[in-house]
Structure formats: structure tokens, C-alpha cells
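One chain, chain A, links the two complexes that follow: it is found with chain B in the first and with chain C in the second.
So, the complex of A and B:
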């Protein structure tokens, strides 16, 4: 499966989806005008990956800021990972946030409460 | 494609499906119960999603508002600083102007003094020239002049 790497910009996060190395990361700032367009590639990749995933998938998210449409797209990603988990695959979502960023911690808690998939909050 | 279709494609697809079922109408009570159950489940999920998104949108707005307030404060502080600097520049400009005037006055004085020195030097040169001429070149006339002064002639 081809890896997906998207370099960060001032408005979009860095994306590393590498099934060979088992690295799944979305980090940085996410305020694209076309969030759907940006995250479509990510969602398609996960959809493809979910057909034959690694024994364990640990997905790291470390976002400093994101807009509401990105929030919906993140939720779509989480839903896909949740589906993988429900299908019997080992999946864990790690929500990293700056220790002094209460809002981002609260956002992680919101997602955690909404989803039925192991969701860890990791202050850094 | 509408915004709704873009952001909620699965929910929109399900809605269309439910609508088609309802319009068709030919379902058994069990099928109705099942479809209604799925509808409730999806509606519940959608509600939770909207709750989370609304909460996050409010958080983001608050965050932006906080940043905006900070920027406003920084802008005020910068304005005050700029005002202070402008006053300082004004005072220094006055100072520079005053110094320039003093310099011009001094140059003027120096010019006058220089001119006076040149005039004095010129007069001295003329006197020395005369003395030198009568002492060493036209001695006869000098002797006659001195004699005339003493009343010998």
C-alpha cells in the first residue's frame, strides 16, 4: 500500500500515513478553506488501509488549532477508526495536546465521550 | 453539491434512503419498526456529533476572541509607544534645529574673525613692505624722511 505524506503549510497539518513503519500521524494546524477536499485523501487512504490493517494501529493526533469543518473531518476519521475497532482490529487513538491548552484537552474529551474506540489523552 | 452534502455525506445518504422508504410506504409493521429504530439511532448519533461540533465551534470562537482581545491590547500598547516615540523624535528634531542654528552662528563668527585676521595681516604686510623698501631699497629717501622728521632739513 502506498504511503501518504502531506507536508504542512500555514493552514494545513502534516500528515504521515505509513503502513510499512506503522506511523499514523496528523500534526500541526488545520484551518483549510476546503477541509473536505484536504481530508478526502486521508479518509480514502484509511478506507483502503482498513481492508488490511496492521495487527495494531496507533493513530497520533497533535493539533494546535483547527476550524469547525476540520473538526467534522476529524470526526469522520475517528468514525472510520471506530469501525475498524468494531470489526475486531486493534486500534488506539492518541490525542496529544499541549499541557497548558485546556481547550484542546476538552476537545479530546468531547471526542472520547462520543466514540467507542480506545481514545487516549496525552498531555505533552 | 450542497454544503450539507459535503460535510454530512453519510447522513444525507441515509436521509434520502429513509425518505424513499417513507414515500414507498409498502412496509410491514416489523420493517417500519426496524427502519424507525435505525432512524432514531442515526438521529441520536447526529445529535451527539452536532453537540460536539457546536461545543468546539464555541471554544474556537472563545479562543479567537481571546486572541483578538490580546491583539487589541497590544495594538493600544504599540500606539502609545509610537506616540511616545513620535514625541521624542519631535523633541530631538527641535534639539537638532537648535544645534544647527548654534553651529551656523559659530561659523559666521569664525568667518568674521578670519576676515579680520586677513585684513590685519595684509596691513602688517604693507607696513613691513614699506619699511623693507625704504630701509634696504630706497635708503636715500628714508634718510631724507628721517631728517625731515627731526627738522634737520
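So, the complex of A and C:
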């Protein structure tokens, strides 16, 4: 399938979704006014990918900031990955955060508690 | 409040571009002054939610009726710093009939403990909580969580239809251990 690469802006993260290389990453800041508009492409891509995924999908998130409208969209992404996991595919979400950023660590824990999919907290 | 404590103040129409510019400017300012990283991030987070709350609220309003004496699409935005806290104040007109709902929501947030706020956030995020429309409810809870202090608010009556709603969020400059 076609890869999805979105370059970062001052309000939106860098997105790399590359099924050829097995790279799945969302990094940077995510504070758009219209988060649903921004994440629609990402969600569509994952939906399509999940029909025929790689043997293993490790999805990296490393966000500096995100707003509450992005937080709903992130949950939607996690739910799609959770469904893949429940369908028997190997999936892991890796939530990276700066080691001194307790708020982002806590946010990761919040998501972890809500989901039924391997979810690793990775301080960097 | 002394004038030299104010980092930024604006009154007028609020566009997405304006919100971007303010965020950029205040972020640069905090960066330049070597503010503690954690404090800086919290201030920025709270600022994003406060400004975008106002932006979404105004954006959802129907076009202003020219005969309306209240400039309902105009907002006040202010960011400043005192000895112990940063403060972020927003002000905008709201219809009087929205006040009970807003007030109930703010009071509920202000009454909640840290743990209750976390639970409330998760309920609204997953859509299992009490009836909240869109993400505006989530924004207010997030502001309270990041602020760690009670939200200040006021409804100042303007006329029989409108009041001026102001909201103040504070972020401590002393990073907790």
C-alpha cells in the first residue's frame, strides 16, 4: 500500500506510516484547531493497513505537546491498533516521552489504563 | 496586578492565525527567559486549551447581527506572570441561558480532587461520562489538571441577553518535587 508521510508544522506532528519498512511514527507537537481534519488521513491509512498488516507492528508516539482535541484522535488510533491486536496480530504501542516530562508520562499511563493492547512507556 | 506583569494582552476578533501567533510569541518569550522546562510546558499547554476554547466558542457563533450592540465575536486574551504564578485570562460574551450549564461544569471541576479530575478526564475522553458536547468539556478539565489550582471565573451581566464570561487559569512557577 502507499506510504503516508506528513511533514511537521508548528501545530501538527510528523507522521511516517511506511508498511514497506515497518515504520509507524507520530512525533512532534499536535495542537491543531481541527484535529479531526488532520487525523482523518492517518485513521484511514491505519484502517486500510489493518486489513493486511505486517507480522509485527510497533507504533511509536513521541509527542512534545498535544491538545485535547488531538487526545480524542489519539484514542481513535489506539482503538484501531487495539482491534488489530484483538484480531490476533502482533501490535505494540510505544509511548515515548522526555524523561523529565511527568505530565506526558501520566498521559501515557492514562491511555495505558484505558486500552487492551501492549502499551509500553519509554522514557528517553 | 501590575502592568509590567503582563506578557500579552489582546482584545478583538480571534482567528486561528492569531491563536498561532500568540502561542509562538509567548513560547519564544518563555524560552528566552529560561523558565523551568516543566513550568514552560504547563503554561504552554494551558494556554493552548484556553485560547482554543475561546476560538472554538466564537467560531461556532452565527455571524454577528449588525444591530447587536454586543460584539459577541470579540474576545479578551491576557497572559501574565506574577511572583508565584503565570496567569492566563480569557474573556468573551456568552448568552445568559448558557450560564447555568457553564457554571455547573466549572464548579464540578473546581470541587474535584486530582484523582477525580483524572477520572473525569477519562470518562469524557472515552465518551462514557456525563453528557458533554464535543471536546470543550475535555479542555476545561485538562486546564484544571495542568493548572493544579482552582479555575477563577466570573459572569458579568451585560444586558438581558448577554454576560461577559471571564476565566482565569493559573500555573505555579515553582515546579513541584
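Brief remarks on what is shown
By definition in this document, the second predicted complex is superposed on the first by the 124 of 124 C-alpha atoms of A that agree within 3 Å, B and C clash if a C-alpha of one lies under 4 Å from a C-alpha of the other, contacts with A are read in each partner's own complex, and residues count from 1 in each chain.
Following the convention adopted for this analysis, a residue touches a chain if its C-beta (ideal position, glycine included) is under 8 Å from a C-beta of that chain, and two chains touch if they have at least 3 such contacts.
Computed from a prediction, not measured in an experiment: that's the story for all the values here.
In the superposition on chain A, A:116 makes contact with neither chain B nor chain C. Of the two partner chains, neither chain B nor chain C is touched by A:20. When the two complexes are overlaid on their common chain A, residue A:100 makes contact with chain C while staying clear of chain B. In the superposition on chain A, A:11 contacts chain C only, with no contact to chain B.
Of the two partner chains, both chain B and chain C are touched by A:71. In the superposition on chain A, A:33 makes contact with chain C only, not with chain B.
Put simply, chain A uses residues 65, 67-69, 71-72, 75, 103, 110, 114 to touch chain B in one complex and chain C in the other.
Looking at the complex, you find that chain C touches chain A at residues 16, 19-20, 23-24, 37-38, 41-42, 44-45, 48-49, 52, 55-56, 118, 121-122, 125-126, 135, 138-139, 142, 146.
Interface of chain A with chain C (complex): residues 10-11, 31, 33, 65, 67-69, 71-72, 75, 100-103, 110, 113-114. On the side of chain A, the complex with chain B involves touching residues 36, 65-69, 71-72, 75, 103, 106-107, 110-111, 114. Chain B contributes residues 6-8, 48-49, 52-53, 55-57, 59-60, 62-63 to its touches with chain A in the complex.
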